[in-house]
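Each of the next two complexes has subunit A plus one other chain: subunit B in the first, subunit C in the second.
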Partner chain A sequence: MINTPPINHDSTVMRYQGFSLLLSHSALFSTIVISLILLISVIASLALGSTFIPLNAALPAIFGQGSHSTLLLVQEIRLPRIFAGLITGAALGSAGCLIQTMARNRLASPDLLGINNGATLAIILGLIIGNILGSWWLALIGAATCALLIFMLAGRWGRQGYRVLVIGLAIAVMLRSVIELLMSTVSLQHASTLYTWSLGSLVGRGYSASLPAAFGLTLLLPAALLLSRRLALLRFEEDLAASLGLNVSKTQFFIMLLTIGLAGLGVTIGGPIGFIALAAPIIASRFANPAHIPIFRSALIGAIVIICADTLGRITNSHAEVPVGVITSILGGPFLLWVLLSKQ
Partner chain B sequence: MRLMVKNIQVSYEQHLAVDGVSLSVAAGQLAVIVGPNGCGKSTLLRSIARLQKPQSGQVLVDGHNVWQLSPRKAAHAIALLPQSPIAPEGISVTDLVRYGRHPHQGLLRQWSARDEEVVNAALLSTNTHDLAQRPLERLSGGQRQRCWLAMILAQEAPLVLLDEPISMLDLGHQVEVLSLVKALTQTGVTVVMVLHDLIAAARYADVLIAMKNGKIIANGPPREIVSTELVHTLYGVHADILQAPSDGSPVIVPAVRPSPSPHVNASKKNVSKQGTH
Partner chain C sequence: MFVSSPTLAQLLRWMLLLTALLLGLAFLSLLIGSGHLGMKDSLAYLAGDTQARTNEQLSMVIQSLRAPRTLAAIIVGACLGSAGVLLQTATRNPLAESGLLGVNAGAALGVVIGISFANAQDGYAYLLWAFGGALLGNGLVLLVASRASALKLVLAGVAISATFQGLSSYLLLSNISSFDQYRFWVLGSLSGVSLSMTLQLLPISVFALLLALIMARPLSALLLGDDSARALGHNPTLTRSIIALTVTLMSGIAVALAGPLVFLGIVAPYAARHIVGPRIASQILLAALIGALVLLSADILARLVIRPFDSPVGVILAFIGAPFLILLVRSSKVSTI
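Moving on to the complex of A and B:
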């Protein structure tokens, strides 16, 4: 009798009659560690800023205790902003994880599906035509319309997703030119508002913008987690995935819808904040067993990066805040280089 | 009959790649499809695997029309190993083999005792249990191909389709993989395999299926159908056919250079060209 190797050296199996669940220790452990880091970033973000609030004042202020000015700062300014950052980061991080896995390409990001440019264009049109700014649904509609347009032109997801990504790239360039054309025609005051929006910022984004997005996230993120077993099969070539019993085109369609939805939610609150959707899944995959798709951990890391970048933007310059989108862009370049160079 | 293909026509990018093919393979048989590049053998394999829908005709596995099965039910009946498959980055051998259990699993049936038993057996019978925790990408080509076979075994499908499973391997690993495939058929599994290597095909096949221009031009046990004429019709090459000293299976010895021979003449070439579409 040959000793068989332990197949579940990393997991606990729970079986009851016909049911069985597999719990990966490394997944559980890294999720707990990442959640703790997120908690620390949130607490740091409460305390740090133009005015430093010591923790023994900041934490009670969450529950309505403390001086008037501390309460105002914590409850009216910092908490809504942290909440907006959490939702935006989680949406962008999970959207990035879905599309990188499906495209089998670490450099694929929702921007390639025209999400950012579509959202920006919708915001500009809203301002020019209807004189309204940044209603949460406007960016979402723009992002979804653009993604649909790309899909209609591509006709199908295509082998290894190249078709959609390349067409997305072309559409993104065209939309960019329309955006710049419109930007050059609007008034200076509108242009500066739009400019700030297009940088990506969490300043003054209250619950009115983040609550609808939070609601969307509670629907889409669990749906993505339910699909993760099938998504894992899409990392094989389509023929093999199909012969393992996967309805490939249906799975691709649903993953695509979820990506558009999540990435769309990610731009509704703070505008097109770059780098999160690209970086969060890459960082998450360093903590994950290669057999797993770390969707939830990507969401958590997306939230960590955005909270930290936003806090950093508040404390680096004492005269004016640096928008979170600028901080993430500054971090983005070196990070990308690190990813590309460390591949070898 | 485990597999029955009834008069299928398959078009691929507006080109009739498989033109009225019928064949049947019994349980536990090793059928090998051979033919020149572009003869439609891979398209035939893909349409048996339910990946390419035929315009007409039927593919039956154990009497069931494969196009009427759900993807999951079809995966219980047919397993496919594509040519030079890609694996997710960094994945370990065990995790790869576990994916073979996917059609048997679900949200609330993630890892049954049966899954564990079958994966262990697949690792053992392909002699990959020593590699189980290693990342697939660090293994040699021959080791990797054995791991892929283990994954296919874990699927427990009675019909296994292999597309060029030895194309990138040296002789030692070719023999290793083909022997493994042969042993698999002895457990009752039916294997249909596309091979470029006619010599290996003639050596291992129970049934040899020779295709040209989308049609089957010969079908039967290698020692009955392999002939100088067949090799010439398929590849336009003159070859002598010998008998293997060990078991009498046909050994194909191609000519060193395409010298003028009684079999290479203009009239014959024209005959074979008339079949083209």
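Moving on to the complex of A and C:
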């Protein structure tokens, strides 16, 4: 039985005992380019803000050198925030890539389907009842419940992609209303912080908030990458995928679990930051060979978009910081419109 | 799914029934509040009891809080309900609604801009800015509608609303005092409505409703196709433009009073269509009444669900409207009207 993958000259196979990894050169190249862009946006985000820190002061401050105020700003405020943005963006971007491929619909994303709002609602409920903000397990329960609800109401993904999306939209609006209802019972002082968080914001989210999500990401993202070859088969009709030897429903189940996990983690830190999960995979697919599922690149691009949007939110408005979720929703609207109206 | 067209008598009977219901609800709306005032006191006040009339708190609550709120709910409900009929018929899409498509969000952005940069304060100024914003939103919707299916149009509406809402939040967040003041209004709420603004917009809403009724006949001709409409002596482009302006005006009035409400424009026309069948003028009348009824009941509920707090009525509407939208989409009747 021949078991060798078709190796072209533009790819390299890495083998270690029973495991092998096929690396395409073009994918490797675009991943490196995207990583460089991410690095640049991280550095820019470190320097820019309500106070500008020149690079020759900001970079040494990472390693603990510089004046007291610079150290405080870089190490206590900007770095944790950038870290939170990286984790959130990577989680949302990869979640979007998984679900878009599985649903065979470029618009299926956790935010449009209401999964993000489900996680947000669970977190806010946790806050109001138990006084804990950002507990990751609540987000996972919320996201899973919401996904289950959509599946029950919409039936299979199938071809009626828009139907699923409109049902998801209705659920998203309803969950959002429950969130608003809960928040109108909270005192104003409390509500202001909660409100900006519920719009999607990274303000004041320190390492303690991002570490559980970071840990989850290191488990889920490799799992998703391992599944990516099977996921690639899911882009065909289900019958064809089955005849190619894929256990379709089992794969779909695992992909859905991973999506819920990643989306839930993405929400725990910064709230429901919209349009990242929609845009990152679509942008990533522009860089990718159609035969590949660019999960990792979606994660990187998600991180880039969040870091840039958060930096924009800090510098565009001199009166107050604008939550990153507001920025992504302003930019995401035209993007969604463009995707909807462009032929494909 | 053609329903046989009912006679005028049937229409009148329905209208009488709904008007009676509306009056009953309006009465109830004057009695019920989220605060601690008892219904008995309010009833005594309305009955003209001298002791109750001299109670300053009671008269303040009823005259300057509940009365304008009730009137505004009726105006806004009627506007959004009949605007829904116009928009759905013109786009031949039973899901088309000024809230879901982003027209209301555009109007809200207009008002926020007016508040932030032009110190807009009274009803006319609000309406002017809301109208401008709604015009922008409506233009975008019409641009998309020609290229998209029913469900796709709704998703385009999500995109349009997201941007408008984002811009509104952006502007409001830069000014914390206006942020607190308009946090409820941005979600759709009748709680801060003033009597003067409501009275200013009342005649304009009557005008808009009359305009809608006048346009009913050219609009139904348009349903036969542009050529047939032309043969019947109508000018399709003119009809479309006037319809679009009427929808914009109605959405502007509604948003100026109550903020961007979603779903009302789907529920009311759907119910009206099922009661009176395909006649557009009857649909407009009934949808206006049903819209007012639904919004007023939702507003009464909004005062009760989290007492002693007042909740935004948009939240209650979402609870009614979202399941309705799901049922509508699942019933797979989403083709054309």
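Rule of thumb we're sticking to: the second predicted complex is superposed on the first by the 260 of 344 C-alpha atoms of A that agree within 3 Å, B and C clash if a C-alpha of one lies under 4 Å from a C-alpha of the other, contacts with A are read in each partner's own complex, and residues count from 1 in each chain.
As a working rule, a residue touches a chain if its C-beta (ideal position, glycine included) is under 8 Å from a C-beta of that chain, and two chains touch if they have at least 3 such contacts.
Treat the numbers as computed from the prediction; the structure is a model and nothing was measured.
Looking at the superposition, the partner that touches the larger set of subunit A residues, subunit B or subunit C, turns out to be C. In the superposition on chain A, contact is made by A:Asn247 with subunit B only, not with subunit C. When the shared chain is aligned, subunit C comes close enough to touch A:Ile171, but subunit B does not. Of the two partner chains, subunit B is the only one that A:Phe236 touches; subunit C does not reach it. In the superposition on chain A, A:Pro290 makes contact with subunit B only, not with subunit C. With both structures placed on the common chain, the touch criterion links A:Leu226 to subunit B but leaves subunit C unconnected. In the superposition on chain A, contact of A:Pro334 is made with subunit C only, not with subunit B.
Touched by subunit B in one complex and by subunit C in the other is not one residue of subunit A. Across the interface of their complex, subunit A is touched by residues 95, 144, 147-149, 151-152, 154-156, 158-167, 169-170, 173-176, 180, 183-184, 187, 262-263, 305-306, 309-312, 314-316, 318-319, 321-323, 325-326, 329-330 of subunit C.
Residues 107, 112, 153, 162-163, 165-167, 169-171, 173-174, 176-178, 180-181, 184-185, 188, 192, 195-196, 199, 274-275, 317, 319-320, 322-323, 326-330, 332-337, 340-341 of subunit A are the ones that touch subunit C when the two sit in their complex.
Contact residues on subunit B toward subunit A in their complex (touch as defined above): 46, 49-51, 71-72, 74-76, 78-82, 85-92, 94-95, 98-100, 102-103, 105, 107-113, 115-116, 119-120, 123-124, 129, 132-133, 135, 155, 161. Within the complex, the subunit A residues that touch subunit B are 2, 4-5, 7-9, 11, 13, 15, 18-22, 104, 226, 229, 232-233, 235-237, 239-240, 242-247, 289-291.
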